[in-house]
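See structure below.
The chains carry the letters A, B, C and D, assigned in the order they are written, with residues numbered from 1 in each.
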Amino acid sequence: MKILVGSDLGYQVNGPATLILNVQPAETPRQRILRETLTITPEGTRTEHWTVPATGNRYLRVHAQAGTSLHIHHEAEVELDAHVADPGEVTQLAPAELPPEVLPHLWPSRFCESDRLERLALREFCDAPPGHARVTAVCNWVHDRITYLRGASSPTTTATDTLLSGAGVCRDFAHLSVALCRALGIPTRFVSAHAPGLVPPDFHAVFEAFLGGKWWLFDATRQASPDVLVRIGQGRDAAEAAFAEIHGAATPTTMSIRAEVLEGPDVGRGLRTTQAVADVAEAP
Amino acid sequence: MKILVGSDLGYQVNGPATLILNVQPAETPRQRILRETLTITPEGTRTEHWTVPATGNRYLRVHAQAGTSLHIHHEAEVELDAHVADPGEVTQLAPAELPPEVLPHLWPSRFCESDRLERLALREFCDAPPGHARVTAVCNWVHDRITYLRGASSPTTTATDTLLSGAGVCRDFAHLSVALCRALGIPTRFVSAHAPGLVPPDFHAVFEAFLGGKWWLFDATRQASPDVLVRIGQGRDAAEAAFAEIHGAATPTTMSIRAEVLEGPDVGRGLRTTQAVADVAEAP
Amino acid sequence: MKILVGSDLGYQVNGPATLILNVQPAETPRQRILRETLTITPEGTRTEHWTVPATGNRYLRVHAQAGTSLHIHHEAEVELDAHVADPGEVTQLAPAELPPEVLPHLWPSRFCESDRLERLALREFCDAPPGHARVTAVCNWVHDRITYLRGASSPTTTATDTLLSGAGVCRDFAHLSVALCRALGIPTRFVSAHAPGLVPPDFHAVFEAFLGGKWWLFDATRQASPDVLVRIGQGRDAAEAAFAEIHGAATPTTMSIRAEVLEGPDVGRGLRTTQAVADVAEAP
Amino acid sequence: MKILVGSDLGYQVNGPATLILNVQPAETPRQRILRETLTITPEGTRTEHWTVPATGNRYLRVHAQAGTSLHIHHEAEVELDAHVADPGEVTQLAPAELPPEVLPHLWPSRFCESDRLERLALREFCDAPPGHARVTAVCNWVHDRITYLRGASSPTTTATDTLLSGAGVCRDFAHLSVALCRALGIPTRFVSAHAPGLVPPDFHAVFEAFLGGKWWLFDATRQASPDVLVRIGQGRDAAEAAFAEIHGAATPTTMSIRAEVLEGPDVGRGLRTTQAVADVAEAP
C-alpha cells in the first residue's frame, strides 16, 4: 500500500528560537519511505537531523533567526506493509515474561498516571479476556465514555483529567487508554501518525500495546484504520512524542496536513469497524 | 424510637488552642433530645455554645489551656421519628422549581467538585428515572465502584480523587455521591451522624438529597440504616460539617463513640437493604 | 459619592432554560440604591426576585422560553459612603475571639483550598505584622507572582492552580488571596462588584477580610479603588457569588458593563496606590 | 575513596509475584565496584539480571514463589573518584546547543510537571546567573520552602503537590528541583543513591543537571555530600528509577540500608555546605 503524507508548518519568529520537530515518518521494516522532500525557508536556515535508535523517531532541529517567517514543508511517499493477525491469537504476557526493554512502558508517565488508576482498571476490566480482547475492551470503554470534542483539553491535560471531564481529542483518548492498560500490567506506548481519511486532516495520535511479543496498534477514537496509519513518532506519552517543541520566541501561524492512500484499500469511514480494530503494524 | 449516643474525645494541649466541636445531635421536629450530658475536663475550661439557625448545627468552642489533657464526654438519649415514604412517590424538581434557599446546594464545594463531573454524571445516570430512583442509582454506582478501605484517603481527599482511586471511607462515599447528584441538578448536602450498628463504632457520614420538597437521607456505604441515624451536623461537604476543628497546639489522643438503639427495631446488618434505602428522615 | 452602574446581558435560548442572576447591587447601610431599572425582553418572561438575608445578595431567576433571544438590561445609581480607617489600627482576631457567624469563612471552599496551603502561608507571611498589614502582604505577594492574563484560567481553575500557573484574572487573584488568608486563620470572602475605571469595563472580583470586627476590602489586582467599588454579591468563593448560573439550553451572546463615578473623586489609575489599598467599605 | 554499601530487603510472598529491583550500584568510569555479594533466599529462587546500556541501571528480576519469605541481601565495596570542578566554570547550554540525547531530559515526566511551572520558574530564577549557580539557586529555593518531613508525601505525590504542601522527603525535594530546572530549560534527571552519613540510613534521592557538557550532582535536602554518593539508578523521575517494583502478591516486611566511608573524608554533617554543593560526579 502506498500513502502520500505531508505537512506544512509556519511560524512567526520574533526572537532567537530553536524548534525541534518530529514530523517525518519513521523508517521501519514494514514502513518504507519511497521518496521524501523537506524544504525549509528562509533558505540558509541552519538545521540538524538525527534518528533515535531506540525508537526510530526522526528529529529536525531548526535554528530559526529572529524576524523571519519560518516555513517547513514536508512530503513523503510511504509504502506500508502492515502485519495483520487474528486478535484471538494475540495473547498477554505476565510481568515475569516481558522482555526487559519493554518494562519501562509499564511505568506511569507525565500524561498517563497509571499508578492512580490501578483499582479502577482492575475493577472495570477483570472480566475481559486477557490479550488483544482486553485492550479492545479498554478502547471500547474509552470510546463510550469520552466525547470527541475539540477545545475540551489543553496541552497539560492528563489521562485522569480526561476520565473526569469525559471529553477530549485523539491525544486524550490515547493517554487514557495507555494509562488504563499500564494499570492492568500491559505495556503501552503513544504513537503519533499520519492517518488517511481523517476529517479534517490533521496529525493523529493512537497507541500501541505489547502483546505476545509484538506491539499492536489501537485507536480508541475509531477515526482511523490502524492498517493505513503512517507512523511518525513514539514515546510513553505526548510529552515524549511531540510534533513540535518550541524553545524561544516562535509562534505557530499555519498548519496544513495531508494523508492520502495512493494505492490500496479505500479508507472511507465504512472501513473502520465499530470495535477497536485488530489490524496490526509491527514496530521497529 | 430511642437511641443512646455518646462520644469521648481526648486531646493533649501543648500550647494555647481553640477547638470548635460539632458533636451534639441537632434538635429537629423529628429528632428530640430526651436528656443530654456534656462534661469537659479540666474543670473551669472556658466554653461557648451556639446553634446555627439555618442548619441546626450545635457548636461548642473550647478555649483549652496549654499543658492540659483535655477531655470531652458527651452522652444523649434521642427520640427519633423518621418520616418514611414510598420512594416511587419522591420526585425530582427542576432548577426552575427549587425553593431559593435550596439553590446553594447545587453549587460545587471544596470536596464535591460537581462542576468537573457534569458530562460524566449525565452519561452515567441519564437512563435512571428522575427522583429518588436516580439518587439511589448514584448510591449504587458509588457503592459498586468504591472499596470501603480505612487509610485510603486523607483530610484533603475530594470526590474526584475518590472516583479515580476507587477507595475511601464514609466521608468519601458521601462526597462522591453528593458531587454526582449536584452535577445532575439535584441539591445535596453532607450529613454527619451517629449510626447504631456501625462496626467498629465511629462517627458516620451520609448525605441528603432535596427531592419533592424534602431532604431525604442516603448512605452509599450501605453500612447504616437511614431510619435510625441520629443527625449531628450538616453542610455542603465535610469542610462545613466537621466534628472538630483545631486551632492551635492540640493533638487528638483518644476517641470513643457509641450509638445504641434503646427502643425500636433491631439494626443488625440484615436490616439494611442492598439497595440504598428509601427510609427517610425529615430535615429541620 | 454617586456611581452609575449597569449591565446588558444577552442569551440565545435554544431550549427550556433557567437563569439565576446576581447582577444587582446589594443594599447596605453604606451602599444606597438611588434609582434602579431592570428590563427583561422578551416581555412576559417569567421572573422571580429574592434577597438572601445572610449576605444581602439579590437574585433574579429568569424562566426563559425556548427559541427566544433573551436580554437583561440593568442600570442603577448608587450612593456609596465607604468607611475608611487607618490600616495600622485594623487588628486581627484570634480564632478564639471570632464571632461564630464568621467562622465559616475560615473553611476551605471549592476554589480556595486553604487546607492545602497552611504550611506555605505560614512560612511566607509569618513575618508580616498581623492585621491589615498581613492581608496587604498577601495581596502584594499575589500581585508580584501572578500575571494578569485573560484566557489563562477557566471556570474550574482554583487557587492552587493559579499559584502554580502564575497567571489569571481578577477572580483568580481573589481566590488565591482568600485561600492564603484562610490558611493564616483570617476569615475571608469573595466579593463581586462594579468597579469604575476598569479597562476594559467588566464585572470585577475582589475580596474581604474580617479584621477587628469588620469586613475590609482588598483588591490584589490593584485595578480598582476599594472606596468606589459597588458591591454586587458575596460568598466564600466564585462558586457562591456567580453573576449568572445557567440551567438548560441558554448560551451567552453579548455582555456589556458600565460603571462611572457621577459625583466624587476621579478614579483614574493614578488614584490607586501601588500597595493594596487601605480604604474600607463596611459590609452589611 | 572506598565506600561500603548494602541493603537487606524482606518480602512476604502470598501469591505468585515478580519483583524488579534496582539496588546494585551502577558501574561507571568513576565508580568502580571492588567486590559485591548478592544473596537471595529461599535458595533456588529464579532470577534474571540485566543492565540498561543507556543508563547503566542494573536490574534484578526475582520470580518469587507463593508462600515464601523472600530475602535479598546485597553488599558492595565501591571505589569512587568524583570529578570536582569550580562551580563558576560550569556554564549552561541553550536548547540549540544541547546534544540530542540530552533533550528528553527537558520533557515533563510523571512526577515532574515542568510544563505547569514555566512562568513560576522564570519569575523566581531569572535573576540567578545561568549555569551551576542557577541550579544551586533552585536547590536553595526548594530547601528554604520545603520542610523535610517523613510521611508528608505518598508514592503518587508530584513536584507540584510538594510545592503546594511545603513538605516532603528526599524524593520530593529531587522532583521539585528537577521540575523547576526543566522549566528553566536545564536538562535534569533523578538519581537514586547510597549516601554515607544519612540519619537514619536509607536509600537517598538526589538529581543531576546537564551543564557545560556534563551531568552534575545536586542534593536540595542538603543531607548528603555529592562527592560520596554511590549512584544506583537514574531516570527522569522516581517512576523511572524505583528501587523496587512489585507485580503480584508480595508485601515488604523489612528494609535495612548501610553506607559507610571505608577510606576517605569524614562525612559528618559539618562537611555538607549550606549551599547546594559544587562537588561533582561524572555520569556514565
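The definition used in the following text is that a residue touches a chain if its C-beta (ideal position, glycine included) is under 8 Å from a C-beta of that chain, and two chains touch if they have at least 3 such contacts.
Which chain is which protein? Per UniProt: A, B, C, D = Transglutaminase domain-containing protein.
Just so it is clear, the model here is predicted, and its values are computed rather than measured.
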Can you name the chains that touch chain A as well as chain C?
B, D
Ranking A-D and C-D by C-beta pairs in contact puts on top A-D
Nearest whole angstrom, what separates the Cα centre of chain B from the Cα centre of chain D?
44
So how far apart, in whole Å, are chain A and chain D when each is placed at the average of its C-alpha atoms?
31
Rounded to the nearest Å, the gap separating the Cα centres of chain C and chain D is 46
Interface hub residues of chain A, defined as touching at least two other chains:
116
Output every touching chain pair, sorted by label.
A-B, A-D, B-C, C-D
Chain B - residues contacting chain C, complex:
16, 18, 20, 48, 50, 52, 54, 59, 61, 63, 94-96, 100, 103-104, 106-110, 113, 115-116, 155-156, 185, 239-240, 245, 247-248
Interface with chain B, chain A side, in the complex: residues 116-117, 119-120, 123, 145, 147, 160, 163-167
